[in-house]
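Going by the order they are written in, the chains are A, B, C, D, E, F, G and H; count residues from 1 in each one.
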Amino acid sequence: MQGNCVIGEAAIRAGCRFYAGYPITPQNELTEYMAEHLRKTDGGVFIQSESEIAAINMIAGASAAGARSMTSSSSPGISLKQEGISSMAACELPGVIVNMMRGGPGLGNIRPSQGDYFQATRGGGHGDYRTIVLAPATGQELADLTMDAFDLADKYRTPVMILADGMMGQMMEPVVFRKPKPRQYPECYVLKGAGNGKSKFIRGLILDAIEMEEHNWKLARKYNLISQKETRCEIHEAKDAEMVIVAYGTAARVAKGAIRRLRSMGLKVGLFRPISLWPFPTRELRELSEHIKHFIVFEMSTGQMLDDVRLALQGFANIDFFGRPGGVVPTPAELSNVVSRRYPQKDAYVDRFLRFKVVEGPFGP
Amino acid sequence: MQGNCVIGEAAIRAGCRFYAGYPITPQNELTEYMAEHLRKTDGGVFIQSESEIAAINMIAGASAAGARSMTSSSSPGISLKQEGISSMAACELPGVIVNMMRGGPGLGNIRPSQGDYFQATRGGGHGDYRTIVLAPATGQELADLTMDAFDLADKYRTPVMILADGMMGQMMEPVVFRKPKPRQYPECYVLKGAGNGKSKFIRGLILDAIEMEEHNWKLARKYNLISQKETRCEIHEAKDAEMVIVAYGTAARVAKGAIRRLRSMGLKVGLFRPISLWPFPTRELRELSEHIKHFIVFEMSTGQMLDDVRLALQGFANIDFFGRPGGVVPTPAELSNVVSRRYPQKDAYVDRFLRFKVVEGPFGP
Amino acid sequence: MAPKGMIVIDRNLCKECHLCIQACKQGNIRPGKEFNQKGYRPVESAEGGKCTGCALCGIMCPEVAIEVYRD
Amino acid sequence: MAPKGMIVIDRNLCKECHLCIQACKQGNIRPGKEFNQKGYRPVESAEGGKCTGCALCGIMCPEVAIEVYRD
Amino acid sequence: MNVKTIFSGFGGQGVLMMGYSLAHGAMMHGFHVTYLPAYGAEMRGGTANCTISLGDEEIASPIASEPDYLVVMNAPSLYTFQNRLAKGGILFLNASIIEARPTRKDITFYAVPCAEMAEEVGNPRAANVVMMGAFLQKTGIIRPEIYLKSLETIMGSKKKTMPESNRKAFDAGFRFLESVNGGTGR
Amino acid sequence: MNVKTIFSGFGGQGVLMMGYSLAHGAMMHGFHVTYLPAYGAEMRGGTANCTISLGDEEIASPIASEPDYLVVMNAPSLYTFQNRLAKGGILFLNASIIEARPTRKDITFYAVPCAEMAEEVGNPRAANVVMMGAFLQKTGIIRPEIYLKSLETIMGSKKKTMPESNRKAFDAGFRFLESVNGGTGR
Amino acid sequence: MKKIFGRPRSLKPTPTHYCPGCGHSIVHRLVAEVIDEMDMRGTSIGVPPAGCAVLAYFYFDIDMIEAPHGRGPALATGVKRVLPNHLVFSYQGDGDLAAIGTAESFHAANRGENITIIFINNAVYGMTGGQMAPTTILGQKTTTSPPGRTPLLDGYPVQMSEILAQLRGAAYIERCTVNSPPAVMKTKRAIRKAFQYQMDKRGFSMVEVLSPCPTNWKMSAVDACKWIDEVMTKEFPLGVLKDIGAKEAGKEKKS
Amino acid sequence: MKKIFGRPRSLKPTPTHYCPGCGHSIVHRLVAEVIDEMDMRGTSIGVPPAGCAVLAYFYFDIDMIEAPHGRGPALATGVKRVLPNHLVFSYQGDGDLAAIGTAESFHAANRGENITIIFINNAVYGMTGGQMAPTTILGQKTTTSPPGRTPLLDGYPVQMSEILAQLRGAAYIERCTVNSPPAVMKTKRAIRKAFQYQMDKRGFSMVEVLSPCPTNWKMSAVDACKWIDEVMTKEFPLGVLKDIGAKEAGKEKKS
């Protein structure tokens, strides 16, 4: 089953009963999977909306009415959803948004890329909000994290993003779907009609500044809580490592391939793979930096997660960077070459500031 | 003249001949000013577009055809422009975008706020790009930076954002309009029809990954250059300061008021005011941190520029934070109270990690 | 004989738009002089019981400031 | 007598859609057998000079793969 | 010198115009000035207010945490703003509509029946100008001539209003407080 | 064991199906597998290719920098991919269309006239299945029975194609290389 | 004496923020009255817009969810598909529906979504202070068409009801006004009919209301009502623009 | 012998990426021929969309600027207002024009922008692999309407030409096809007329082309041409939908 379809199937199993989306490569198979299969479920609604903007607002409505809801797109389409995502965050509506990133900016291309990290983790929309961002790196994780995304969205009443790329979406790997947890969420906010009781409303507009501030801090406290509780990462071959690659998603897979090669060459290299990009596993990375002093951040971009790594490490370790933006997926061989050249000399000096982004590759700065 | 109108007048004087916008508070006076005055200029085009999305794409077209072009909006409308901004960055089209921020996320409110810092500086749109962001703090700066924005946009062929808020937009202060510089830009990219020569095209779609990567690095080099050349900041009363407030725009004005009070109480407090938010004046702040070890970041948000301050200082100084999001503008009195409580004891310990955001105010975290 | 009616105007809801005056065929409503809390001068029902209880005023009142009673 | 014409087919542009065959009233174009670089089998002009140079084939050809000549 | 004033009332009372004309006059006088209307454009029919800061140096913050002067044209504004007034500040209130009086004892206040006075001078819409006369009488921030000139410029640019009737309204307010001593809260 | 194969050709030659059926068969055999079709959905009529990685452990990277096996169904693919093939790797080429032969000397190659062979067995659309027979004969990654079962499952789920004719095509390819030794580049 | 007219149950006893003589508040009451009469207060969900009616959730005593500017029909679609037996309506201004939300209203109508749009056409952007709307009349002065709307620069007033009526998913569309008691009563009947069609699952319905905005028209409320008759209805003729009629009542229901 | 038919000057001698028998390439040639005949190669600016025609700038030998998906009319508006005497056209697919770009095409027409839209209606999203488009025929199977388009779930095919024709800013709108030589010639004449209207500053013009997409219709090119006659023209009748006519030729020009 293709990655895109794995997400679709996992969503349906997790109880997603509303999907709205607009075609865009490289995530069309997910939309198509939902067109085919969601409508067959009991009460499942699939809408190919007139635009990405309509789609995000449709899922806001469906979510307010109590359905587990999802939309998906790829980079340019995700940019168009920013107002809607900000609005869902403000209204505290759960919902799952899949971004199968492609090369950008602009129309860019449809190849696997990781250029939307900032947008995803820093709120590409306006205002003080954050979106939980999960970055799968295997077919199995596509399934598991999709299910988790729905649970987290419900738990915290907030939009959750699955951030992957065309390679994850196209790739086929054996997957086992776990039994979904029963849905748990505070039904109090769901609109079902006032019945005989008090009517309620869901809104993001709060004209009074003091009230609005209160709401902002309420959200901020929620985000703090999420930061403390929901970080996820994988640490791989780091025990004896002299150097650790920091990479997520597709890049992390390439890194694993590279590490196998590097180890066979006798170089002790490990991997730190953030799974939750927001909240970034700052604490975990910091702990690792207690005995590892050389990191190399590898992204399929010109360097975005790099900021989070630097914020986490605060100069306690050396940070190198290697980036291949624009849809290029370097091979493990290439990455291992780069890493081996940067492999630390004994007693290498720790430079607290990243004075230049160290980039290798044909077009490095 | 109201702040919004100052921007409009400065733009017209700077040679802006195309404006497209969609109403949204608190920037309507700017749109209205252009409706009234731009159409009276020679060849000046004003369009009230059907949406913010149409507006950003109209200015992309006008800019491609060689006109100095501008659009403006406020937070939710700016979110909708993200795809267009990303596309202009990809196509290397100049253009000026004004964001008169309001309280967010979602519809939020129309009060002055600084919640869109991340969106503005980290590219709320998809892909690896950056937008120059200028944050005026006085009526005079509204005029000067607007003119500069057009020059920078031309010089680097990139969209430039003016980031302010409703207070700056509403406020009236005496302003002197300087003579604009003559327009300088590489006309080579402008579409005027092929004439008898070779035809050309402007595009952001580059299907080949290697070519796209090349384009990404080309952009990255441009952004590096901008980072080196175009940082701007104001350093105020910092010579003898024991503590420095870091704030921009409206918040910086409040800070100046607070500093006057604090100084009259004998507390040596100064101000570091980034004027270019991207590129962030990292070097300048770092230099300041050579003799100042206590900073307090003050934003009308739950803390966004804070990341840039932490990235700049890398643990070399203590960083406190005070935030009032949601449209609250604290008074200088309130801010000076907060700052005085945080004023460093002699030999205060420098904590490299910001373990908790220190927030004061009625709803602090 | 026209049916007897009566209207009750909520002074604090009225915004002085005078649409009710326009609507009342009996001329039973007239502009008021006193300001209310919001700074409007609410309309008043004329004395003399001209009101038929036709409710046209209520139908027009944007603020639902008028209640209409009839025998 | 029908005017004399001739067509020239650019083998590497042709994509084997056969719209020209459909368009040619003279039956002057026929499917080809050889593959070109792209993997298509370009059409061929029949021998025998049936072509009138009416250009209908060219008008239909999506790839502008046909040039038409006439006396 | 650094003086902050808040003008406040409900929409339609010309509150923003009061502030704007003062700012304009102060600018003509040579002061650094900021004029900050309060934000309410998305809501109509509510209260309106604006803050004027003026001084010899650049205005650090256009907001008035503790204004020196306060002009309130309706009752809700009195409740909203009276506690913000600085110790020893001066409050002007529109006695034509506001029955209440301030409760603070550490301020001075003047009650000006400006609607009635405006009607007296034959320009019922000029209650705000009457109040400006009263305001400048007691604060003396700028000279009446400068203010009236500014007012004329502003009005002239908008519509041809009788400058004469405005002048009369201003004078009425100015003279009204000439010999009055302010009260303090009860 | 960790083996990577690239299948490549132009759209319509069933290249993706070749890869998919191999991946499916390998999964049935119990291998860890990744199947990565190349990205070209926004463009049609171009080249198509896919990468299959299979091994005993989790596949670290689904990309093949240096594939062990390479199947090329048209000439452009040969030019594009031949240099990527690992030293000592095996290349299978569709001799029905490709006239050129590889230039590298450090690899083995087999030229299979699969279009003609497919026509011979009466299923002209099964050139790709012929090639799979040839491929499994020389690589032996999975047993023919497993592969054919997978093929049946896949095809069955799509449309009722004659399983018999596919089997014949496969056998033809398999037997064709039974007694052939691979060439090396000239 | 008996109370024969007063506040409907579905309208909270809250003073509104609307300007004196604003049509929004009249339409609010009508919608609430119809909901009461249809006994749907407990099963109605309203979607207010960004626009002067943005605070409608303070006034309606039914469940509501705010939509970003222009997206009401999309949001209402989401709600309705999940709760197909509820009464779901989107309440929108002319800027909201005919400018930024053009695509959303167009496609909701085309999909034949079983929702109702209450469309307040006041020929301006009310909330943002009187800018030109898609429905601004030619020659009408607004803050963004200071010399009056000019077709060559600003385009023409858009008749959304006529346009949406062309779409096959639209079941019922009527244009009304609220500038006199009979007009108000007529509008109420139209709303009732639209809601009834929705409950009968007959497709998309919309009631357009030519609605006075005295503030931005810079007129008294009374003059604003006159202006509707004298000017606005010339550009936007009142009447039923689409009614798939009783004959289709037995048609297959949408689920 | 004399060459009487060949590649127009405004079309680069580049092989296209279009599938065999795709209507896009035919229309490209027609546009280029008209530009040549009007002698406008040096003063034309084209705006290709996101869609199968996204690479049109590789094929047209005129200045071009790519638009984000659906935004062609907005971008073209920007270009045209700055260069009012140039020929400016936006080239768009049905998804681009009638789904995501509904508002942009609608309002460009309503403003009477002096631009021309070349609208390729192939009843599917071609580039993204054959999903349902707003113009997909009822019952037509696509990857997102696997059992065929159902009005109750997916809405109805949208006749954009009829709808835009209703707007007063529209000067000339015709629906054509390219499934036979006479149809191709007719389409060319329509494009010529649209461009001429634009150069005469008469307002918005659009030529809709029912265009074969053999790949996503899963037919041969020849069958695709037949399907247009047999099925598509039933839903989308050919003909002129708006022509403000020669009588207005003397009307005030737009600047």
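Quick notes on this one:
Please note the rule applied: contacts are C-beta pairs under 8 Å (C-beta built on N, C-alpha and C of every residue); 3 or more make two chains touch, one makes a residue touch a chain.
As the structure is a prediction and not an experimental result, all values here were calculated from the model.
Contacts with chain C and chain F are shared by no chain at all. Of all chains, the one whose mean C-alpha position sits at the greatest distance from that of chain A is C. Farthest from chain B, judged by the mean position of CA atoms in each chain, is D. Counted by C-beta pairs in contact, the busier of C-G and A-H is C-G. Taking each chain's centre as the average of its CA atoms, chain B and chain G sit 38 Å apart. Centre-to-centre, using mean CA coordinates, chain D is 87 Å away from chain E. Averaging C-alpha coordinates per chain places the centre of chain C 36 Å away from that of chain E. Between chain E and chain H the centroid-to-centroid distance comes to 62 Å (mean Cα coordinates, whole Å). For chain C, residues that reach two or more other chains under the stated contact definition are 15, 38. Contact with two or more other chains is made by residues 41-43, 45 of chain F. With touch defined as above, residues shared between interfaces to two or more other chains in chain G number as follows: 18-20, 50, 54, 66, 68, 99-100, 102-103, 106-107, 111, 127-129, 134, 154. Chain H meets chain B in the complex at residues 41-45, 47, 50, 54-55, 57, 60-68, 71, 74-83, 86, 103-104, 106-107, 111. For chain B in complex with chain E, the residues that touch the partner chain are 25-26, 28, 110-112, 138-139, 166-167, 170-174, 253-254, 256-260, 329, 331-334. Across the complex, chain F is touched by residues 15, 35, 37-39 of chain D. Residues 10, 12-13, 45, 74-76, 97 of chain E are the ones touching chain C in the complex. Listed in rising order, the residues of chain H touching chain G in the complex are 99-103, 106-107, 110-112, 134, 151-152, 154-156, 158-159, 162-163, 166-169, 252, 254-255.
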